[in-house]
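Listed after this line are the structures, all set down as structure tokens.
In what follows, chain A forms one complex with chain B and a second complex with chain C.
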Partner chain A sequence: MNDLIIESTDRTPAIRFIRHTLSFEIEGESYPEDVAAFYGQVIPAIEQWQQSEATSLKVCINLIYINSSSMKALYRIFDVLDQGRASGKQVSVIWGYVEDDDVMQELGEDFRDRFPELAVELKVTD
Partner chain B sequence: MKIDTAIAMRAQMQADGVIMAYNGEISDELMITLAEILKRRVGDGADPKRSRTVFAVFMEGVQNLIWHSVGSARPGGMVIISEFESEVTVMCANRIPRAAAAKLKQTLEQLASADKDTIRQLYREGMSRTVDYEGPGAGLGLLEIARRSSQPISFAFVDVSEEDVDYFIAARI
Partner chain C sequence: MSTSGFDLFDREKRLLEEGPSVFEQGSVTQLRDFSERLFERFRGVVRENEDLTKHSDRQERRLVKLNQNLKAQTKELDERKVALETLSRQLAKYLPPQIHEALFAGRYDTEVRTQRKRLTVFFSDIKDFTQTAESLQPETLTEYLNEYFSEMTRIALSFGRNHRQIYW
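Presenting the complex of A and B:
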């Protein structure tokens, strides 16, 4: 299990998967030209964590905008996190959104309701 | 085209509050360029929420157009953005195979008559329908447009040949 650090661009979020703190962050915009290529780097890292001996993961998601094709990749990430939780790992998820952004708020609620046992916490960011 | 026709077209577009119009081949790069211009044009810093919504609807509409237009080696279509009494209309049109039109029409009819809660429920179902993250977003794009549109979406299909149909969709924000 290695660290995965990807700097943000106009169209892709920053990714910070840090092994020694067992933390995973997604932050920024997500409308990559090639969704499979971008999230093809991210999803294997989460899958490796899920199969590893690691006992926990702190997840922070702060997205400004996510297009519908990135949504499938994000759903896949939640799915793997939930598998990790089901296999006994402790997972916390914070979903941050800008105060008046009801679309991102609702999306966080959609994930929280779809994965109730992940205990997704919605949080207003500055 | 004659210059008189162009003059009439331009006058018509101005009368209809058109702020952006494009017809032809569309690349991913061009989509981004137009989206950025539009984001600045409608939000103008004063209303970031509205700017984000128009941006999102534009992106999903054009993305659909790129993925689903006939002869997808050179995807193309029409994109018209207009503004009337502070309501923005995002309209996209492209050519699709007749075989695909019937199913699409059914989906659009469902979305046009659904309330916000139903659309949200359909979106939630769409989210979990597949975990395959490659390729188009399992109809989520249309749901995203319907979800962000302040009025029910409108649409039209126009026969162009035995095989193909021109498909128009409009969302108001």
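Presenting the complex of A and C:
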């Protein structure tokens, strides 16, 4: 299980998957030209964590905009996180959104409802 | 199509590929196992689609709202533009074209300061003006003077002069 650091661009979010702190962050806007190519780097890293001996993961998602294809990828990430939780790992998810951004707030609520066992916490960010 | 080899729909596609052989040759146990996995994935896809549709609708609402704001701002800008054009046309009557153009292009320095410049001063007098003015109606006199000033301005501008001050 290696660290995965991807800097943000205009179309892709920053990704920080840090092994020694067992933390995973997604931050920025997500509408990559090639969603599979971008999240094809991220999803295997989460799958490696799920299959590893690691006992926990702190997940922080701060997205400003996400397109439909990226949402499909995010669903996949949540599926893997939920499988990790089901296999006994401790997973915490913070869904950050900018105040008054109803779209991202409601999307966070959707994920919280779809994955109730993950205890997704919604948080207003600066 | 991604060039990375990763496919976001790989789980669904694997099931679709597996299906025909299970239905043709699979045992009851294999069929049951396959049906359960198919059902589970189908449930997942339905949930994803529900959320995707909701998200898409919310984005659309946000876009509509942004579009409305943009239209309102465009309308306001159009109104300001019309007001500015009217003002510009009014000022054009009183300002030399070069100053008028520089002013509206944001290139004219309005700071009050001392300046030394080489000037050419032209004095002219209209022969028998007082007598002529007394014999003309005000409208005709104005037309007559405007014609004179227009022609004098045209001549001054043809020499590249950018200031005119007329006294009489």
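By definition in this document, the second predicted complex is superposed on the first by the 126 of 126 C-alpha atoms of A that agree within 3 Å, B and C clash if a C-alpha of one lies under 4 Å from a C-alpha of the other, contacts with A are read in each partner's own complex, and residues count from 1 in each chain.
Just so we're on the same page, a contact is a pair of C-beta atoms (placed from the backbone, for glycine too) under 8 Å apart; a residue touches a chain by one contact, two chains touch by 3 or more.
From a predicted model like this one, the values you see are computed outputs, not experimental measurements.
Enquirer: Looking at A:R114, would you say it contacts chain B, chain C, both, or neither? Reply first, second, both or neither.
Expert: After superposing on A, A:R114 lies in contact with both chain B and chain C.
Enquirer: Looking at the overlay, does A:K58 come into contact with chain B only (first), chain C only (second), both, or neither?
Expert: Touch status of A:K58: no partner.
Enquirer: On the A-aligned overlay, A:R16 touches which partner chain: chain B = first, chain C = second, or both, or neither?
Expert: A:R16 sits against neither chain B nor chain C.
Enquirer: For A:M71, decide between first (touching chain B), second (touching chain C), both and neither.
Expert: both
Enquirer: On the A-aligned overlay, A:A36 touches which partner chain: chain B = first, chain C = second, or both, or neither?
Expert: Once the two structures are laid over each other on A, A:A36 reaches both partners.
Enquirer: Give one of first, second, both or neither to describe whether A:E106 is in contact with chain B, with chain C, with both, or with none.
Expert: both
Enquirer: Following superposition on chain A, which residues of chain A contact chain B and also contact chain C?
Expert: Shared contact residues on chain A (touching chain B in one complex, chain C in the other): 35-36, 39, 43, 68-69, 71-73, 75-76, 79, 103, 106, 110, 114.
Enquirer: Which residues of chain A touch chain C once you look at their complex with the stated criterion?
Expert: It comes out as residues 34-37, 39-41, 43-44, 66, 68-69, 71-73, 75-76, 79, 102-103, 106-107, 110-111, 114.
Enquirer: Which part of chain B faces chain A closely enough to touch in the complex?
Expert: These residues of chain B touch chain A: 28, 32, 49, 52-53, 55-56, 59-60, 63, 120, 123-124, 127-128, 130-138, 140-141, 143-144, 147-148.
Enquirer: Under the stated contact criterion, what part of chain C meets chain A in this complex?
Expert: Chain C residues touching chain A: 2-9, 44, 47-48, 51-52, 54-56, 58-59, 62.
Enquirer: Okay, in this complex, where on chain A does chain B touch?
Expert: Touching chain B from chain A are residues 11, 31, 33, 35-36, 39, 43, 64-65, 67-69, 71-73, 75-76, 79, 100-101, 103, 106, 110, 113-114.
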